[in-house]
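Shared chain: chain A. Partners: chain B in the first complex, chain C in the second.
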Partner chain A sequence: MKKQEAKYILFILPAILVTASVVVIPGINTIYSSFTSWNGFSSDKNFIGLTNYMSLFQDKYFWIALKNNIIWLALFLTIPVLIGMVGALLLLNRRRGRNLLQMTLLIPYVLAPVVNAMIWKNIIYSPTSGIIGFINSLNLGFTIGNPLISKSYGLIAVAAVDIWHFWSYLMIIYLAALRQVPGDQVEAATVDGATYFQRFRYVYFPNIRPTVSLMTIMIIIFSFLAFDYVQLMTQGGPAHYTELLSTLAYSFAFSERKLGMASAVSMIMSFFGLIASFIYMKLSKKEERE
Partner chain B sequence: MRKVTKRISILMILAMIITLLGGCSGQGAESEEESKTEASETETKASDQESGGKEELSLWFWGASDYQRAAMDKYLVQAFNKSQEEYELIVEYRASVDNDIAVALSGGEGPDIVYGSGPAFVAGYATEDLFLNLDGYSDTYGWKDRVLNPCYEICTIDGSLYSIPGALTSTGIFYNKKVLEDNGWEVPETYEQVIDIMEKAMEKGLYAGLTGAKDWRYTNEMYVGMMLTHVAGSEAMYNVLSGEQKWNSKEVTKAMEVLVDWYHNGYLAGDDYWNLDFNEAASMFANEQAPFFFGAFNVFQFIKNVATEEQCDNVGYIPLPNYDGSGKETTSLGAICSFSINANCENPDGAAKVLDFMLSIEFAEGMSAEWPGYWGMPIKELADVNVEAYSGIYREYLVACMGAINALERGDFGFGAATCFPPSTYEASIDIDTVWFGEATVEEYLDNLDKAYEEDVANNAVPTIPKPAISE
Partner chain C sequence: MKNRKYAIVIQWIIIAILIFAVLFPLYLVIINAFKEHADIVLNPISFPGSLYFDNFVKAWRTGSFTTGFLNSLRLVIVAAAIVLIVSSFAGYALGMKRFKGKGLVLSYFLLIMTIPVQLFLFPLYGIFAKLNLIGNIYAVAYVIAAINMPLAIMLMRTFFIGVPLQLEESAKLDGANTRQVLFKIVFPCVKPGFITVAVIVILNAWNEYLISSTFLQGEKNFTATLGYLSLNGGAVTFDQGMKMAGALMIVAPILLFFLSMQRYVVDGLTAGSVKE
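And then the complex of A and B:
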C-alpha cells in the first residue's frame, strides 16, 4: 500500500470505527440474537436456530401486528402524501404569507409526540372530557364512542394523529423540490396552453420524481418502525387491535424479557425496510441510466 | 407589507420555540423532574462534602410527584443519612425507571439498590447472579422474623432471599361512605351485596364502580388477580401457580367468566373503562359518582392526589368478599415493588443498611402518613401501629394494611398478578381484553396462559409460590 493511501485510510478510520460500533456491531448482534433464547441480561445466548421465527409465525398477534403495519403503510403512502403534495402546490404559487403558513403548518411536526398524543387522546378523542365528549353532551340523537378502542377504527384513529403530525413535513420537502423546478419549463408549458393539472403531470412531477421516490421509500421504512404514537395512545390495545410489530417487539423485550423474540420481530421489520431500500436503489440506477 | 410579514414570522418562530419548550415540559413533567432531581442531587452532594466524604449509595426510583419526593427525601434519604456516618444515599428519579434498570443491568451497570416492579421481576435477574444473595444480611438484621412470611417467601429463589418486598398491595373495593349513606346502603359484607349495590347504583345513574385503563392497559391485571383470589380461591391458584393444576381449570374458568360478566355488566366503569385514567376515575369517585372504586392499595395515593381533605375522609376500603360466601377476609399476596442489591454494588453492606432501614416501622409509618398507598411495608410491626393517631385516608390506608397483614398471617391469601405471575404469564393475563371484546373465548385465553406459564417454567422465571392455608 502506498504511503499516500495509508494516510487516507487514517482519515476515514474514525468514521469507520464509529459506524462499526453504532451500526454494524449492534446490527450483527441483533441478527445473532434473533436465533437465540437470550433474555436480555444473561451472559449466555443459547442458539436455538429458527425457533423464534417459527414461534412468531405461529403467534396470531404477530399476524395482527403485521397486518396493522401494512394498513399503516397504506394510510401513510396515500393520505399524508396527497395532503402534503396539495399543500405544497397551493403554497408554491403563493408568495404572500408563504413562510408564515409553512411555519404554522409545521407546528404539529415540531411538537413532541407525547404532547400531540396527549392533545388528541384527552382533548379530542376523550368521550368524557374531550371534543367527542362535548358533542355527545349536546344530545344530538347519537353518541360517538372513543375511536381508540374500536376494532374498526382504533388503528386509523392513532394513525390519524401521526398523519396530522407528519404531513406538513412532507409538504415542506415537496415544496422545496417544486421550487427547484426550472421556471422556463413551467413558463413554456403555460405558453403552450397547458392546464394546471397538465403542468403538474408533465413538468413538475417528472422534475420532483426523485424526491417523491425517496420520500416514498422513507415512508415505507418509517411505517415499519412506527412506535411512539401507538405506545403513547393505546399500547397496542385493546385486544391487540392497534398492535404493531414495534409494540410487539417492545412487549417481548421489556415485559417478557424475550430479547431473542424481540430481535426476530426487529429483523422482520428491517426486512421490509430493506426491500424498500433495494427497490429505491434499483429505481435510482434506472433513472441514472435514462 | 414585507416588514409586517417578517415581524409575524419572527413572532411565529418565537411562538414555536415557546410551544416546543412547553412540549418538553409536558413530557410527564419529566424534564422538570429531572432538573429537580439534579438539583436535589447537587444538594445531597454538597451535604456529602460537608459530612466528610461518605460512601455514596444510589437508588433509582420512578418519577414521583413533588409531595411524594418530599416524603422520600424526609423519611428515607435524610433519615437514613442522619442515622449513620458511613453512607450517603442518593435517590435518582427516572420516569422510565423499569426500562432504564433493565438496560443498565444487562450492561453490568445500574444503581446499587435496584427498584423492581415486584418479586416476580427479580427471579430472572437473580438466577443470572445480577443481584446479591441477601441471606447473610437477612440473618444479620433478622428480616425473616420481621417480614410477613408469605411476603418473605415470594422474594426467595431456591430458598435464598434476593429482594425485600415493597409495600403491601391487594386489589379490592374502595367505597365512598357518603354515597352509601345517602342511598341507604350498608358497607357490603357479601359478594351478593356488592353486586346488589352496583346494580342499584346504575339504576340511579351512577357508575357501579370506577376505574380506568386509558393510560395503562396493564390495569386489566388488577381485575384478573382480584377474581382469581376471590372467585377461583387460594387453593386453586396455589395449585395453578405451582404447576399442579392447569390454568384452564374449572375454578379459574369460573373466575374469568365472572370477570367477563363484570366487564359486560358495566361494573368496571361501564363504557368508560378505556376512557378514564386513575386520576380521573379517582376524582369522579371523590365527587360521589360511584359507590365503589376497584383498585389496588396505590389508589389511596391517586385519591390523595385529586380529592379534598373532606372527600378523602369519605373513603373506606374492604377486600372483595369471597364469591363462595365463606365470609373469610382474603387478600391478594402483593408487593407494590421490590428492592434488591446490584451484584456490582461496591458497598453492599451499606445497601443492606438501606434495605433494613426501609423495613423499619419508623420508615413505614412515616411514609404511609404522608404518602398513603405506597409504603405500607409488609412487616409484622405495622399491625401494631396505633391507627387512632391518624385520621381520614391515612387511617383507612393503615387499616387496609392491617387487614392484609392479618389475612396473610392467617394464610388467607390469593396471588396478585403483578407480584406472583412470571413475566410471560403476566403478559398473557393482560389479554383478558381479547375476551371482553369477543376476540377470544375464556378457554382460549386460559390455554394461552397455560402456554405462557410453560414457557416461564422452561425459563426458570417462576417465583417461589408461598402456600396459603389450605384445608387438607
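And then the complex of A and C:
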C-alpha cells in the first residue's frame, strides 16, 4: 500500500513542479523584492525594509490608483451583477431558444480583451471615425469629446467596455445556479399565490445565495487586479487619471525599472484579494458543513 | 391575463436591448471592414456601398497575421497539451485515490488558484531574461499552462470522481496493469472532461494579453492578437477600415470555435462556481 501511495504522489508531482516554478517561486521572490531596492538588472538586491511601502504611501499616483480600483469595484459589484441577474432570470423561463440566446449573449466574453478594447476605442469612442464622431456630425446642438481622454469619464468609459465583456459570464453562472433550484419549491410558492418578485426573494435567491456570494468575492479579487482594458485603452492616462494599481505596478517595473516598488504595489493588490479569498474559503467551508 | 401579456412584452424588450448591446459593436466591425476609411468617417453605421477587400490584405500584411496565427496556434496547442497531460494524472489521483497528504495537495492547488499573475510576473520576467527566453512562444505556453493548471486539475478531478470505482477494480481483477486501467478504462470515461479543459485552455491562451505582451517582444514572436494590436499604434492608426478588417479576421476563428464548442465552454465556465 505504501508503494501505491508513493505512485499517486508521482502522478501529482508534475503539476506541483509546473505551478511551483511559475507561481510559487517567483511569488516568494516578489514578496522579498518588495523590501529591496532591486532594479531588475543587477543581481544584488539591497534590503531596505519598508522604504518602498513608505514612499508608495506618499506617492499621490498610488492614491489615485487605489481610488480608481475602488470605483472599479463599485461599478463591477453593481452593474454587471444587476444586468447578469436580470438576463439569467429572463432566460430561466424561456425553454425554447434559451441556448441560442445564451450563446449570443456570451460572445463578448469569449473574445480577446485586445480585440474588444480596440473595437470600442476605434469604432465607438473615436470622435473622428467612430459612433461618437457620427453623433457629433448630426449637429444635435452638443458635441461629445473622446471619453477616453476625459479626466472625469475616462475610467468609466474603460470600465464600460470591460463590463460589456464581463456581464454575460455572471449571467451564465447565475443561470446555471437558478436552474438547479428545486422545481417543487417553485411550484409550491406559485400555488400559494406568490408573485414573481416574491418567488425570487423567498425561493430562488436563498437557493442561489452561495453562488452569488462566491461571485461577489471573485469580483472583489478581480477588481483589484484589473489591468487589460486600462492598459490597452488609456495606459493610465490622461495624466494618471485612469491609473489602476496594476498599471502603476507595470510602469514601475517596465518604464522606471523600480522592481522593488512594483513588487510592493503587487503585494498591496494581492493583499485585497487575499482578504477576499480568506472570506471565500470560510464561506465555502461553512457551506460544506451545512 | 392582460398583465401577463405586458410582462412578456417587457421581457422581450429587455432581451432585445441586451442582444443589441452585445451585437451592435460586432455589426460595426463587420460592415466597416468592407469600407474605405473616408466612407467610415462619413457614416460608420451604414452598409457598405461596394465591398472593399483591400482592407483585409492590408491588415494581414501590416499586422503580420501569417506569423501571428502560426504563433497563436503553437501557443494554444502547446499550452493545451501541457495542461491536459499534467492535469489528467493529477486529477485522477486526486479524484479516485486515497493517500496521505491529499488534503494538503488540494489546498495547495486552491491556494495557487487565488494567486494573481501580478504577484509573480516581475520576478518571472527576470528569470526569463536570464535564461534568454524573452520572445520564446513555448516558454509563454508553459507559463499560461501553469496558470490554467489548478482550475484544470479541479475540473478533471470532478470528472474522475464521477467514474465508478468498480470499473477500475474489475479491470484489475481481470489482470490489467495500472497503465492499461488508465488508458483503456478510466481516461476514456472522462473524455468530456478532456474536451472541456482543452476548450477552456485554448480560449484562455488565444485571448491572453498580460503575459504574452510582456514576454513576447519582437514582431516575429507576436501572437495573432498582438499582431492585430500593432495595427492600432504608430503611423497606421488612422486607417479605420483596415483595423476593422483586422478585428474581423481575429474574431472569426475564435467565434467559430466558440459556436461549435459552446456546450463545453458553458460547462467549463460554470463548473466549480455552482454548487451541485
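Everything that follows uses one rule, which is that the second predicted complex is superposed on the first by the 261 of 290 C-alpha atoms of A that agree within 3 Å, B and C clash if a C-alpha of one lies under 4 Å from a C-alpha of the other, contacts with A are read in each partner's own complex, and residues count from 1 in each chain.
Here is the rule we go by: a contact is a pair of C-beta atoms (placed from the backbone, for glycine too) under 8 Å apart; a residue touches a chain by one contact, two chains touch by 3 or more.
Bear in mind that the values here come from a model prediction, so they are computed numbers and not experimental data.
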{"item": "Superposed partners chain B and chain C on chain A - clash or fit", "value": "clash"}
{"item": "Which superposed partner A:129 touches (first chain B, second chain C, both, neither)", "value": "both"}
{"item": "First, second, both or neither for A:84, with chain B first and chain C second", "value": "neither"}
{"item": "Chain B versus chain C as contact partner of A:240, first or second or both or neither", "value": "first"}
{"item": "Which superposed partner A:104 touches (first chain B, second chain C, both, neither)", "value": "both"}
{"item": "Touched partner set for A:147, first chain B, second chain C, both or neither", "value": "neither"}
{"item": "Touched partner set for A:112, first chain B, second chain C, both or neither", "value": "both"}
{"item": "Touched partner set for A:121, first chain B, second chain C, both or neither", "value": "both"}
{"item": "Partner chain in contact with A:255 - chain B first, chain C second, else both or neither", "value": "first"}
{"item": "Chain B versus chain C as contact partner of A:39, first or second or both or neither", "value": "first"}
{"item": "Superposition-derived comparison: chain B or chain C, residues of chain A touched", "value": "C"}
{"item": "Footprint overlap on chain A, comparing chain B with chain C", "value": "40, 99, 103-104, 106-107, 110-112, 114-115, 118, 121, 126, 128-129, 254"}
{"item": "Chain C-facing residues of chain A, complex", "value": "4-5, 7-9, 11-12, 14-16, 18-19, 21-24, 26-27, 29-30, 33, 40, 83, 86-87, 90, 99, 101-108, 110-115, 118-124, 126, 128-131, 133-134, 164, 168-169, 172-173, 176-177, 180, 196, 210-211, 214-215, 218, 221, 225, 227-228, 231-232, 246, 249, 253-254, 259, 262-263, 266-267, 269-270, 273-274, 277, 280-281, 287"}
{"item": "In the complex with chain B, residue positions of chain A that touch it", "value": "37, 39-43, 96-97, 99-100, 103-104, 106-107, 110-112, 114-115, 118, 121, 126-129, 145-146, 148-149, 151, 234-241, 251, 254-258"}
{"item": "Contact set on chain B toward chain A in their complex", "value": "1, 5, 8-9, 12-13, 16, 19-20, 22-24, 26-28, 98-99, 102, 105-106, 124-125, 128, 130, 213-214, 216-218, 271-272, 274-276, 280, 423-424, 426-427, 431, 433-434, 436-437, 439, 459, 461"}
{"item": "Contact set on chain C toward chain A in their complex", "value": "7, 11, 14-15, 18-19, 21-23, 25-26, 28-29, 32, 37, 40-41, 43-45, 82, 85-87, 89-90, 92-94, 97, 99-101, 105, 108-110, 112, 114-127, 142-143, 145-147, 149-150, 153, 178, 203, 206-207, 209-210, 214, 225-226, 228-229, 232, 238, 240, 243-244, 247, 250-251, 254-255, 258-259, 262, 265-266, 269-270, 273-276"}
